[in-house]
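Note that subunit A is present in both complexes that follow, paired respectively with subunit B and with subunit C.
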Partner chain A sequence: MSEKFDVIVVGAGPSGNAAAYTLAKAGLKVLQLERGEYPGSKNVQGAILYADALERIIPDFRDSAPLERHVIEQRMWVMDERSFVGGHYRSEDFNKEPYNRYTIIRARFDKWFSDQVQKAGALVICEMTVKALLRNEQGHVIGVEVEREDGKIYADAVILADGVNSLVATQGGLRQDIQASNVALAVKEMIFLPRETVEARFNLSGQAGVVIELMGSISEGMVGTGFLYTNKDSLAIGIGCMLSDMKAQRTTPTELLERMKAHPAIAPLIAGGETREYAAHLIPEGGYKALPQLYGDGWLMVGDSAGFVNAVHREGSNLAMTTGRLAAETLIELFQNGNEPSAANLARYKAKLDDSFVMKDLKKYRNITDTLDKQRQFIGDYPNLLNQAAHTFLTVDGQDKQSKEKEIMAAFRERRSLFGLLGDAYRLWRATR
Partner chain B sequence: MHIVVCIKQVPDSTHIRVHPVTNTIMRQGVPAIINPYDLFAIEEALRLKDRLGCTVTVITMGPPQAEPALRKALSLGCDDAVLVTDKIFSGADTLATSYVLASAIRMLHKETPVDIVFTGKQTIDGDTAQVGPGIAKRLDMELLTYVSRISQVDLATRRIIVERRAEGGVQVLETRLPALITMLEGSNELRFASTPNMFRAARATVRLWDRTSAGIEDIKLVGLKGSPTVVSRVFGPTPRAEKAKQIPFDPAAPDAAAAALLEQILAESPRVQEELAHRRQPGVRD
Partner chain C sequence: MIKVEEKLYQNRYRVDAGLPHIRIKNEDICNSRCPTQQCAVCCPAGCWSFEAGKIGLITDGCLECGTCRVVCDEFKNVDWNYPRGGYGILFKFG
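Let's turn to the complex of A and B:
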């Protein structure tokens, strides 16, 4: 192939689409290559769409994007075997336009997003697996090679948006291969129910939706969380745990999800539904400490391929879109000023990231995974103690309240000791500041 | 030489489910693919192109969503693609479909005379194998079905020799062009598209033909109106609920278990007892 592009974007997920769209909109000659049969065919997410990240790319996305429900209520449940202690936040302010978060079905959303990329003028070709980066004598990236006859394609810059497994980055030595301790394996099901049933069970009307985040006994001692999201006429339910934990405990994700679905607090919510879709995906949760080099001569890395996921807040697609946009904006500025996409010039991308919520949030939570990994009491003991405390306090059995309080405190002290409790409070504070 | 390949976009049968009540195919969310049998037709046309240097046009009748199937065919090396699409075509059976396709091929023939039309042996959703022969009849072309090999195409004498899989053997058939060939599965192996062809397909314009462009003369012969086929009832095979019977087994007394098993069998089918009585031979323990 003799044709040359300004930029080649590898991958058609949220980060690749954000990058390709922004570049094409600015009038650059963009080629986007996707390994799957169609854009989105390899993509999996819960899924929540964070409006802000997309709005900065496509301001009027609400007019045409396939959205399921806007989120008006967030529930956080700390589970024990037969119970949960929870907090809910529901607000009519979330029920006012412009909405802040939406549930989406990625298969539909990704098709829409890719359509926008193509309308903006990028050339999108699927079933093109990039197997290597092309470099010149100086080692600058000058294009990619795909797994097809006559497969060398040239460009001034390459954006790697090929996801958590990023074959290109790994084989090109730009990144380590994924480590089991840095990725979560998440599984989800789409359970279909009549619209009225979804709305009745979650106290909803119109296009409003609910998000439930789950933690505690459901992860069976592993570092991980579960979720349940409401779509128009379906529920997305899933759970993700660190791959190293699953390996150590020899747990299969399917069984883990089945047991979570059977929990007495969850089973009635999904009862009678029909599972029509089952998907699994790796999520890079290594956070700040696991970030690889993010740019070099002629290349930039965005989204999951670089590990841009905020595991604590379950944010990923917004980081993907934002990093994709910032990478694109960096290149646009360089090209407009007639500058080369050299590593020195692309350092601007890192500066933009540092300046954004992406790096600030990742830095804030840089220790959380380590803390949870080493301090398993946060996953097993505390959810159990909290549930027991609630049970003791809410059972009316002739025992006076003060002695109930003493009993609860004794239970905490017995399990964690006074120093342990103070230490845990400090650890949690350290890990999240 | 000009070759036309007729393809159909079908739901991927490995993903479809049947509605438990209506017994109809639930297509929602099922990915669409090129009818697998049609891939052998595309590949055979492309092999003739490689050998003889002809033009290959791929054509389908379907909704606008069928465009990716045509683009896929272009990426493999087909030169031109036509999507015959019009609201009035919906609900067509094989009779109406062959009418529309034959009419469209006639229009293609006006642009460049058509020598061979390829179709797959049948589709995986309808399984009728009627559209190919229907087109041949309407266009008055020679019909070669279940072809496993094209042995020879002589453009000077306009003769073609093919091998056809028939019951009990292979027929070697010779006929004149123009001919319609329905390709048998397994007759060739589909090629992997090259990078330049992937680019060409991504950028190509698929021609959209409505009833006028396709040269439809009588709109009463298309779509639901032109389809005499009536699906009176759809039903799945009745599941046979035969439950296994359990016979308690005591390892200390295998004979008792065997006797109980035999008793069960004979109770279920008395005829077995009669037959066994006839076959009983000396030396065989009762």
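Let's turn to the complex of A and C:
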């Protein structure tokens, strides 16, 4: 390709699409390269779409985007082997437009997003894997090399949105490869059921949906969570745990998911369903401390490539879209003022990130992974104690309530000691402030 | 318990016959020096096997997650690439 572009975007996931769309809308000459047969064919997510991040890019997205259900109820289940203690929040306020969150099916959604990118004027080429970054003598990134003969394509700037494994950035020396301790491995199934069955099982009607986040015994002592999301006529069920833990415990992820599916609280929800796809994906959960250099001469890094995931709140796609948009806006401002995309000028991208919820949230939870990693009682002991406590308290058997309370407190003290309990409260507070 | 092969059977793939996108750099390391063969345990698609003291890799069912490369952090013995454009897993839902 002898043409030169203003910007090349590598990858057509949420971050790449947000960047390419924003750039093309501003009239820049954009090339977006995607290795899959179609945008979305390589992409995996739970998936929840956070409307706000997309609204800031495509305000009327609801008119045409393929959305499954808007979320009116969030359940959080803390599990032990046979039970769960749960918190549910369901509100009619979430059942009013404009809806705040939706379940989506990524292969369909990404295709739609990519259509919008193309309508905005970007050139999108699929089935093209980027092999390397091109640099000039000063080391500035000046384009990419694709797996074709004479596959050199030039641009003033390159946005790396090539996902969690980001071979391009790693091999190009822009960041270290991901570490097992900074990444979760998630496995997921799409289970289909008649629409009426989904609605009856989850107390739903119309387009409303429920999401369930699961923690406790299902992660078998590893740092991780499970999920069960309702789509129109399917359920997305999955579990993700830190890869370093899976490695240490010699856990086979498929079997971990099967055991979770067999839990007595979960099995009836998915019973009779037909699994039509099985997927796996790494999630960069290293957070603030694991972020690489985010920009340099002629390049910016966005989305999963850079590790923009808020693991505590299960948010990623909104960080991806936001970082993609901010990277694009940085470039648009530079080009409009006739400035070079040098590292010094692209520092404005970092400033924009710092000013947004993205960095603020990542910073807030910068210690949580370390805390959970070192303080396993939050994963094993507490879910177990909570379930035991509920069981003791809710079993009517002639024992008086005060001695039941004493029994519960004694169980907590026995497992964690009084100082342990106070210390844990402090640790959790420290890790999330 | 359902076998991983049965799960993978539901997926769509375009296999790049004869061109596996993941290669073992040096099989001797897997067979004689690696004490854990973690790839064979953690691969969510069951692509890796370790039987009779010998490592095996068949990438046809690969979900392209990157796990095998990342868990092989002691020996860095996995030459991991994406399949050629258009090949490999084709998620219908993702």
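Throughout what follows, the second predicted complex is superposed on the first by the 433 of 433 C-alpha atoms of A that agree within 3 Å, B and C clash if a C-alpha of one lies under 4 Å from a C-alpha of the other, contacts with A are read in each partner's own complex, and residues count from 1 in each chain.
Simple rule for what comes next: a contact is a pair of C-beta atoms (placed from the backbone, for glycine too) under 8 Å apart; a residue touches a chain by one contact, two chains touch by 3 or more.
Not measured: the values here are computed from a predicted model.
For A:Ile178, select first, second, both or neither according to whether it touches subunit B, subunit C, the two together, or no partner.
second
Which partner does A:Glu258 contact after superposing on A: first (subunit B), second (subunit C), both, neither?
Only subunit C; A:Glu258 stays clear of subunit B.
Could you tell me if A:Glu189 is touching subunit B, subunit C, both of them or neither one (first, second, both, neither)?
In the superposition, A:Glu189 touches subunit C alone.
May I ask you to decide whether A:Gly151 touches subunit B, subunit C, both, or neither, giving the answer as first, second, both or neither?
The answer is first: A:Gly151 touches subunit B but not subunit C.
Please name the chain, subunit B or subunit C, that touches the greater number of residues in subunit A.
C
Looking at A:Arg276 after the superposition, I want to know if it touches subunit B, subunit C, both of them or none. Which is it: first, second, both, neither?
A:Arg276 sits against subunit B and subunit C alike.
Name the contact category of A:Lys42: first (subunit B only), second (subunit C only), both, or neither.
So A:Lys42 only meets subunit C here.
Determine, under the contact definition given at the top, whether A:Leu204 touches first (subunit B), second (subunit C), both, or neither.
neither
Does the superposition put A:Ala132 against subunit B (first), subunit C (second), both, or neither?
neither
Touching A:Asn165 in the superposition: subunit B (first), subunit C (second), both, neither?
Second partner only, subunit C.
I'd like to check the shared interface: which positions of subunit A are touched by both subunit B and subunit C across the two complexes?
37, 107, 127-128, 276-277
Which part of subunit A faces subunit C closely enough to touch in the complex?
35-37, 40-45, 47, 105-108, 110, 126-129, 147, 164-165, 167, 177-180, 183, 185, 187, 189-190, 234, 236, 243, 246-247, 250-255, 258, 275-282
Can you name the residues of subunit B that touch subunit A in the complex?
Going by the criterion above, the answer is residues 29, 31, 68, 192-196, 198-199, 202-203.
So in the complex, the part of subunit A that touches subunit B is made up of which residues?
1, 3, 37-38, 107, 123-125, 127-128, 146, 148-153, 276-277
Considering only the defined contacts, which subunit C positions touch subunit A in the complex?
That would be residues 1-2, 4, 7-8, 10-11, 14, 36, 38, 41-42, 44-46, 63-67, 69-71, 73, 80-86, 88-94 of subunit C.
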